[in-house]
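Shared between the two complexes below is chain A, which has chain B as its partner in the first and chain C in the second.
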Partner chain A sequence: MTAKVPRNFRLLEELEKGEKGLGADGCSYGLTDSDDVMMSKWNGTILGPPHSVHENRIYSLEIYCGDNYPDSPPQVRFISKINLPGVNGTDGKVDLSKLPRVANWNRDYTMERILVGLREHMAHPSHRKLPQPAEGQTF
Partner chain B sequence: MSSSAPAEGEASSESPKVVKFFFKSGNEDKHEIELPLSTTVLDTKKAIAEKSTVPADRQRLIYSGRVMKDDQTLESYKVTEGTTVHMVKSAAKPAPAASSSSTGGAAAARPPVPTNIASGSGNNPLAGLTGARYAGHVQLPNADIFGPDGGMGPLPGPEDMANMMGRPETQAAMNELFNNPQLLEQMIQSNPMLRGMGDQARQMLRDPTFRQMITNPEMLRSMSAMQNMRRGAGGSFPAPGATDTTPGSATAAGGAEAAAGPPNPFGGAGGANPFAAMFGGGDPPMYLPGYGEGTGPSDEEILAQIRLARQMGLLGGAGGLGGLGGLGAVPPAPVDNRPPEERYAEQLRQLNEMGFYDLQRNLRALAASGGDVQGALENLLGG
Partner chain C sequence: MSLPKRILKETERLRNEKDTGIKATIHGDNLRYFDVEINGPEGSPYEGGVFELELFLPEDYPMSPPKVRFLTKIYHPNIDRLGRICLDILKNNWSPALQIRTVLLSIQALLGAPNPDDPLANDVAQKWKEDENAAKATARQWTKEYAKKVSDQKEEA
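Let's look at the complex of A and B:
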């Protein structure tokens, strides 16, 4: 039995990793407002995976970590318009259960894992050629 | 705000606060950079441009999950000591409104077409070759190599091909083609076999050894020698000691000039058959006609496709398929000896994602389908 890492320690860890750029390639994340003591609102970006229609595009997302994070997954929403299964076509909300990598949420999962999972999802052979709205549009 | 206050900390408030941070782009190393916090993002890009190869107007900077806007400052994005800013190179600006006027609104809905492909040519991977970019650069075949009758005669001999590939400008053009990821992607997409290979094909085409192999004149010579050997084994056998094309192809080239007319360069005309030379004058071997009509064409067609593909300086479309098939038969081609788990790592991952977790079954299915995920799926679902 290992001790559960409390919410805020976990978020601080993730914040440091995000700011130092230690995370996976192609993804970045950080607090929307660095004065937010609750560390609830986050921004994320995904650099479109190569060999796909997303190549050279940058997708912005917002992530909301509720009080129960990381026991419950955060809410994730695309700001940049994207056509991708699992992403609501009208408001950009991501249905995490559609992402193989995070479908069964586990408190060890991180925001980075979600972003990486989304990036893989975009690069999936059956998704990477989906027609996309012009770059720069937002939900 | 404290500039007028004669406080102890005056010195620090006068000299602008600097921040030392890193910038990182793709797979490159991190670079350290030190700038005043009041620096605008645009000026930051200019400073980064001096330390990297990317001009400021093609940089996009990302920090903490946000794309940085040019008119903001480092301070407003809370860039602090020791943090890392990601720099993403943006694609070259597309040619101004090249396709929008001609194709109308439909263009917007379609996935973007690589910018080096002219708008009218659809998905033709050869289109890039005809662009101005390659003008005078790549050796597009001139009339001479098609023979005196302007293309109706036989294809150029292996020697011509090899010589052409040996030219530095041809090799440079090949290299440039292979370095263009969009073109590679199209080649892979337009070819079912390559598509099935997925990432492997990508890696293979990027692999310098492979490129070297298909552009190496020596390799071409030995390949055509191989082809001739195979052909020999099919219908007859080469004369003792005649292991090479040299005597044969000389005759073939000579015969080529004579054999005007029939578009099939490998058809009947005895003079065009390189092996005719080996059997001397008044001693026509009886298997020769059989060879000409029977075993010949398929081999010959493949070879012809390889030649054509090479001739265009590119390995794409159907020619590419033939070329790869042909290469498979060449001993020096690197044989993929990796264990199947490694070789099919990408496909296995995909199968896993789709809910197939039985490694052994997945491997068997992939082996049966030659690494094609779709085929493996059918196998897994059917069996």
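Let's look at the complex of A and C:
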């Protein structure tokens, strides 16, 4: 069995990866408050996938990593308004069990994986043409 | 899960550690994860404070260095706001001959000898170079405000 990386050191790894900037996969993330020694609150950004109604839009999300992260998944919520199955239409909360890539959560999964999974979900053939609220609105 | 003998030996040795002002105890059921306390060295602005840290031994320890960070807020040019530490032996100058104990003693020594020319917290380092007395006063103030007191630590024991 391999060494089990504790929550805080895992989050530091994710922070360092996230600080390297917007990846080729159109997602980025970082700490909401750079003073937060517990590293609980994060913000994420998804660049709308091409060939979809989301193209050229930028979506903001908030991510909360609780004490049991990464054994338990984080809570994820869209700040930018979006119409997407698995996203609560009232408060923007994401139901991770609706995202194939992270539905069966395991502690090796990361915030990046969730964001990439969400972006794929947005680009899915049955979702990419869903009518969207006007740009710039928030939940 | 089998733990390398080297780690078991180090853990045993740390349990008997006395009089150096460093303390490391296993955190919960993860035998590679330690709760650490370091006493601020005498004559430094951190004197009288007990600083909490966390330490993790990665899979390839001792080929790779331990990962360590401060949990207690501290005003020091080589420690950033998330408690990350800029110390050569935790990076390029790591050697498998070093141990948890030597790492913690080196961190304690760093508290006594800040190095503002190799900063991690740029604002703190700048202050340190411009007005060392004022920077030390802030460090003392933060120690009072955020660190546990040595006297409390003794009562616990």
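A few comments on the model shown:
By our rule, the second predicted complex is superposed on the first by the 136 of 139 C-alpha atoms of A that agree within 3 Å, B and C clash if a C-alpha of one lies under 4 Å from a C-alpha of the other, contacts with A are read in each partner's own complex, and residues count from 1 in each chain.
To be clear about the criterion, a residue touches a chain if its C-beta (ideal position, glycine included) is under 8 Å from a C-beta of that chain, and two chains touch if they have at least 3 such contacts.
Bear in mind the structure is a predicted one, so any value in this text is a computation, not a measurement.
In the superposition on chain A, A:34 makes contact with both chain B and chain C. Residue contacts after overlaying the shared chain place A:47 against chain B, while chain C stays out of touching range. Ranked by how many residues of chain A each touches, chain B and chain C are led by B.
With both structures placed on the common chain, the touch criterion links A:19 to chain B but leaves chain C unconnected.
Contacts of A:8 after superposition: chain C is touched, whereas chain B is not reached.
In the superposition on chain A, the residues of chain A touched by chain B in one structure and by chain C in the other are 34. On chain A, the positions that touch chain C within their shared complex are 1-6, 8-9, 12, 15, 34-37, 39. Chain A meets chain B in the complex at residues 18-22, 25, 28-31, 34, 42-45, 47, 50-51, 53, 55-56, 58, 60-61, 100, 124-125, 129-132, 134.
Within the complex formed with chain A, the chain B residues making contact are 22, 24, 26-27, 30, 60, 62-67, 78, 80, 82-86, 88, 90-91, 108-112, 181, 185, 198, 202, 350, 353, 373.
Interface residues of chain C facing chain A in the complex, by the touch rule stated above, are 1, 27, 30, 32-33, 54, 56-59, 67, 69, 71, 73, 81-84.
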